[in-house]
Amino acid sequence: MAAMMQGGGRLETAAPAAIELRGISKAFGSVQANRDIYLRVERGTIHGIIGENGAGKSTLMSILYGFYKPDAGEILVGGRPLTIADSQTAIRAGIGMVFQHFKLVQNFTVLENIILGAEEGRLLRPSLSKARGVLRQLAKDYELNVDPDEVVENLSVGHQQRVEILKALYRQADILILDEPTGVLTPAEADHLFRILEGLRAEGKTIILITHKLREIMEITDTVSVMRRGEMVASVKTAETSPEQLAELMVGRKVLLNVQKVPATPGKPVLEVRGLRMVDAAGVERLRGIDLDIRAGEILGVAGVSGNGQTQLLEILGGYPEKGSTVTGKARVNGTPLPLSGAGCNAAERRRQGLGHIPEDRQVEGLIMDFAAWENVAFGYHDAPEYGRGPLMDRDAIRRDAEGKIARFDVRPPSCDLAARNFSGGNQQKIVVAREIERNPDLLLIGQPTRGVDIGAIEFIHKRIVELRDAGKAILLVSVELDEIMSLSDRIAVMFDGRIMGERLPGATTTGELGLLMAGVDPATAPTRDGTLPAHTP
Amino acid sequence: MNKMPKWADVILTPVISLVLAMAISAFVILAIGESPTVALTTMIDGALGSSYGWGFTLYYATNFIFTGLAVMVAYHASLFNIGGEGQAAMGGLGVALVLLSLPLPHWALALPAAMIGAALFGAAWALIPAWLQAKRGSHIVITTIMFNFIAAAALNYILVNLLRPVGSMDPASGRFPEATHLPKLSDMALALGFEWGKNTPVNISFFVAVIACVLVWLLIWRSRLGFEIRAFGKSEPAALYAGINPVRITVIAMLISGGLAGLMAINNVMGEAERLVLNAVEGAGFIGIAVALMGRNHPLGVFLAALLFGFLYQGGGELALWTSIPRELIIVIQALVILFTGALDNMVRMPLERMFLAMRKRGA
Amino acid sequence: EPALIFDLGGKFDKSFNEAAYMGAKRWADETGGTYKELEMQSEAQREQALRRLAETGANPIVMTGFAFGDVLNQVAPDYPDTKFAIIDMVVEQPNVQSVVFTEEQGSYLAGIMAAMASKSGTVGFIGGMDIPLIHKFECGFAQGFKAAKPDGKVLINYTGTTPAAWNDPVKGGELAKAQISQGADVIYAAAGGTGIGILQAAADEGILSVGVDSNQNHLHPGKVLTSMVKRVDNAVYDAFKNGVEPGVKVLDLKAEGVDVAIDDNNKALVTPEMQAAVDEARAKIAGGEIAVHDYMTDNACPVQ
Amino acid sequence: MDLNTVLQILDSAVRLMTPLLLACLAGLYSERAGVFDIGLEGKMLMAAFSAATVAALTGNVWLGAMAGLLGALLLAAVHGIASITFRGNQLISGVAINFLASGLTVLLGQKIFGLGGRTPSLTPGAELETQVTPFRAWLSGTTGPDTAAALTATPRFGEITLPLAETLRGVPVIGPLYAEVISGHTILVYVAFLMVPLTWWVLYRTRFGLRLRAVGENPASVDTAGVSVTRLRFAAVAIAGLLCGLAGAYLATGLSAGFVKEMTAGRGFIALAALIFAKWRPWGALGATFLFGLLEAVANRYPNLDLGVITVPSMFMNALPYILTVIILAGFVGRAIPPRAGGEPYVKER
């Protein structure tokens, strides 16, 4: 603890730092997002920044990148003071940033996105051909492969992130800021990213990494800073701290980093899926015969790299298959068949049958961002009899209900009237989770419950999911976080290319084995090194 | 999180914007060699200075309330209904057909019957664009524009060839039966023992419009259907997740929208002209767009914006009638009011916000 | 003090409102008197304008356009001491003078001239909105044309179905060109402001046109065959000067209410034979030998 | 229908589509940059008025056209200030601009010419001379008679016969097509048609175009790349103004000879419809506006379709282009996806 000082502590070194921030403050209206921040990042290091949702991390980095103007404070780049009035200045100073929400033009090609704002001359052709060459080189140097002519919206999130990194490198960034880069990545993608970051560090580049995942901080950073409520509360050498200590610094209390649960006691089958197939509007077969069973009181975790049919599975079970798709097969909940197409196949009907659904993307599906919190608590259940009589809604009843849920789920700030948009990601997620879990559904569908959520909130959400299970409900959990799958699930199914590759018990498998399954390789049937099939062990 | 008190946002901003618009209008009036003070007093006097002026102001406002509400309801479902003009015209046809074909003995019977006719025809005219948008993905903005033209052509044909009394020069329907004439507010005032707004066209439809405001408010902010409409308008994927059927909401929202636009006909066709004339809508459908947007898509806002436009219409009409100022000046004034209160409101709001923030800081 | 109210098209509609304005202006210039004139903004103002004028003591009150008919019927009885005159419509009230024109007769003469000036045997008619009044022009024109050229052809177009139809010179010009490409070499424009585009296109393409309402021969000297003038100006002037006589006043050819304009601008185009034919027809119509059918009587036209 | 009729209809379609095409491309630039523009109508009207006015006062159509550009540019500036600088509602701003143009043109026209908002006819004749002569006199007073003489250009755009039009006329089909349909339009028609490939090239082959499209899809991407969103959007809105200026100038000084109040007659809205129809693409704009022009030309040509049993009334033929548009949209064109950031003012922090 020698190198760590509370409250604006500094790490003293002689050489000029890559970045030094002094006394940075920034307010949005009446919210003080950053208060008198001091930060020093050494050249050629990876510096982590952690903090709860809304702690002010993104704001601070946006200031460094010239996206926001600070109210007060000084920025030194390479030891020299610099007024960063706009992003252009930051780029010229060698700063590149990968935002938490990517700033890509969805219907542009990779190449177009990369040269945007950094074109050579007025015509595109020379820029494009130069960029193509540079890209090839970068791809070789850092293993950053993306098809330069692919349209961005067709890329997976992981690849979109590569494009963002390439954008920064193309601009010859020396200092690279990554805001929650792994929030949307699969473990394999995250590992890949870290290899790239290490490569960049070896080249002498400086990297600032914002993340909620302590494992990543411990794994890759050299130093780490902790933010809380707009202030910088600590800066330490990673080697000299521990996850528990960081978590405590972040949240201000002790945090349980592992899920506590008793073994499941499965009851009668709740969800039965047989031969589920789905061909999307473009004619691509997304689900190729899925069979699933979930019993009361158990959590079935579905692991898999995103894009292998999990979204389609959740949407079909949730009652809203993609427009223009054809779905075949059978599904039953508590013995009653679920219509998979036609009039009976809609989300409202599903809710009446006792299905709850925490969608993968809270901002696009789970919430109406402009609605107040109390309205979002009724969202999807607005037809419920207790929310009003006849065609009219009973605001008071809904608000009373919402206040209860918000209090029980510790949504912050505990305000019914705040629009969903104005809650932090973690708290937005809590609203969705509260709404779905407190309905006490017989079957709960969950997609990526903790994406981009800070550890305090993760702990809380995990606890509630386990409680629901213990109350005898069936839960289908889809997540790309293997840690989450491993710690929450009672059984794990791995999805690959629209199929269930295999089922494993969390106690009887390893992340390595799951990783192979996720890549479409069944270790049980995969050829061994000498080409012979291993003997089947039932 | 609010940067300034609500009253400042709701009252101060529009009032200052209005003053700015008027100042520029005054400049325009000066530029064409007329007197701004005369113009302003004529307008205010003519529109608000007497019960007579109010009678007309409220009459026009009634039209704009209906079309404004129509645009507003569709807007909440994120549908931009430019077809108010055609839907209101068709509503007029509905009114005329009901009143000319049914032997209705009393206005109290005729009004609901005519309202049904007006709403049905207006809604029917919105149905096809709605259905095409929901099912075929044709853009509602184009189809409603097209349907305005088609409505004009259809009415032209129907009035000239079918509804026009033989030998009449005027491409208009015959007069509606005496019994179906709606009570004017002036008659109602007389019945209560005082004289108000003699010979003005404002009639009982004004109250219908006010009730419509309340009902639309209930619909949008208090009903489950309104909840679905707003949710769908904000996010279609979320609506799907919540079990809200996009086709159903698109069609219902447009039917309500078209019905409201159609209802305007009980004011201008049934209440005022007492027969159907060519081009009876006179652009009220387009004014409805401005009214809804300026009213911030809230019934109370629509009501106030409609009053403002009623004032501009009547005041402007008086200008054209009694001064040598060309009537086109009114259009310019309307444009400036729309521009300053509707599109340039931030020009006023931003400095105000800064002022209030500074005041609060000093206070704190 | 007399008063004049224009129809919604406005004072400068290049059509009969403008003609009415010219009449009032002439009266004012000659007598040095003053009059009130009103331009309306909307339908609801018709009644408002009439009543307000009557209450301020204006007398007589002249209004242009059939659209006032219905309202005047309601208003006139309330002001028995005020005299009203309405142009283009018959209103039967004891204090109302109805001034109607026999546009079909004037158009008939224009039709004869068009027939004689046409080399191709095809002429055109372009109306504004498709309303009965304009059919009156069309039918008279066709009758005159057929009388002079029984096997000739009249092409007929209407500009549109919204009030924009009266103010769309571009569409007017395009319609004229379409008719020209079908062989028309004289085109009669009865379309208000749209007519400007029609006359223009005709002049550009080197064919002849026929103006309407006021004398438009000067717009393209030597290229406008004639104009079917409807002396609304005279009617207004007369009402202002000599007061209003309740009853129906038919301003026909005989009363010089309608005619074809021949002046310096089109003198060269009018051959002696043409002049003779027109004079003859004029005399026969005045004498009742030729009865030009009025479309309004049965909503039909005897010739196609 | 013989070849000649077809050619005449096509010729008419070309003239009718030109203002639509220019306005449609104007809307394309603006909306591709994320600024909705329902004020096309007003800008065209303003341009038509200023072009006709200056042409009438100076007798020079080129000065007129410049004035047309300026007039539309002025309203475009209003739109830009309202919707970009002050992040106002773009639809309201557009509505206001339409009203503003509709009122101001008549008001100013009446003030200048006293013809009720109409400008004098731009054909040499008495009406025009009384306007032009004082200007020439003033000009020769200040600069000497030479310049005045040099300014005696026509007050209206003339038709241009393309080279070899007559020579080629004999070649079957191609010859008449060239001579009738392609040749013989005013310069603005050719400018409009050239604008299509030019726009395509600007949009897809230049740095400016790349940034313009990006700013309409995701302004934050442009902002974080260090490029000014405001400047780009203003540029787009200004280009839209210039193109509307050309459209208006064409209406008043090319197609017709002078300004008449409300002479745009809803063409701005049709252009908007065409823009959506074209899915915000330059070649699509060409196709969509051609379709509208063609439908109108056909309806003009066959005003009373006699089907033997019944004669289709003129009202129906007048509405036919609109009816067909609805049918075509419903049947053949899929969902048109507007630029994603369209209509939204760009706000970095709230």
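In this document, chain identifiers A, B, C and D correspond to the written order of the chains, with residue numbering beginning at 1 in each.
To be clear about the criterion, a residue touches a chain if its C-beta (ideal position, glycine included) is under 8 Å from a C-beta of that chain, and two chains touch if they have at least 3 such contacts.
The structure displayed is predicted, hence computed values, not measured ones.
Taking the definition of touch as given, a chain qualifies here only if it contacts chain C and chain D alike; those chains are B. Note on interfaces B-D and B-C: more C-beta pairs are in contact across B-D. Averaging C-alpha coordinates per chain and comparing to chain C, the farthest chain turns out to be A.
Chain B and chain D have Cα centroids lying 30 Å from one another.
Centres computed as Cα averages put chain A at a distance of 76 Å from chain C. The distance from the centre of chain B to the centre of chain C, with each centre set as the mean of the Cα atoms, comes to 36 Å.
Taking the mean of the C-alpha atoms as each chain's centre, chain A and chain B sit 47 Å apart. Shared interface positions of chain D, defined as residues touching 2 or more other chains, are 110, 117, 266, 313, 315, 318-319.
Counting only residues that touch two or more partner chains, chain A has none.
Residues of chain B in contact with two or more other chains: 149, 152-153, 156-157, 160, 326, 330. A list of each chain pair in contact follows: A-B, A-D, B-C, B-D, C-D.
For chain B in complex with chain D, the touching residues are 28, 32-33, 80, 82, 128, 132, 136-139, 141-143, 145-147, 149-150, 152-154, 156-157, 160-161, 286, 289-290, 293-294, 326, 328-336, 338-339, 342-347, 350. Touching chain D in their complex are the following residues of chain C: 10-14, 18, 130, 156-158, 160-162, 164, 167-175, 177-178, 181-182, 193, 196-197, 200-201, 203, 218-221.
Touching chain B in their complex are the following residues of chain D: 78, 81-83, 86-93, 95-100, 102-104, 106-108, 110-111, 117, 266, 269-270, 272-273, 276-277, 313, 315-316, 318-319, 322-323, 325-326, 329-331, 333-336. Listing the residues of chain D that touch chain C in their complex gives 4-5, 8, 11-12, 15-16, 19, 110, 115-118, 121, 123, 125-127, 251, 255-258, 260-263, 265-266, 296-297, 300-301, 303-304, 313-315, 318-319. The touching residues of chain B, when paired with chain A in their complex, are 1-3, 218, 222-225, 227-228, 230-231, 234-235, 237-238, 240-245, 357.
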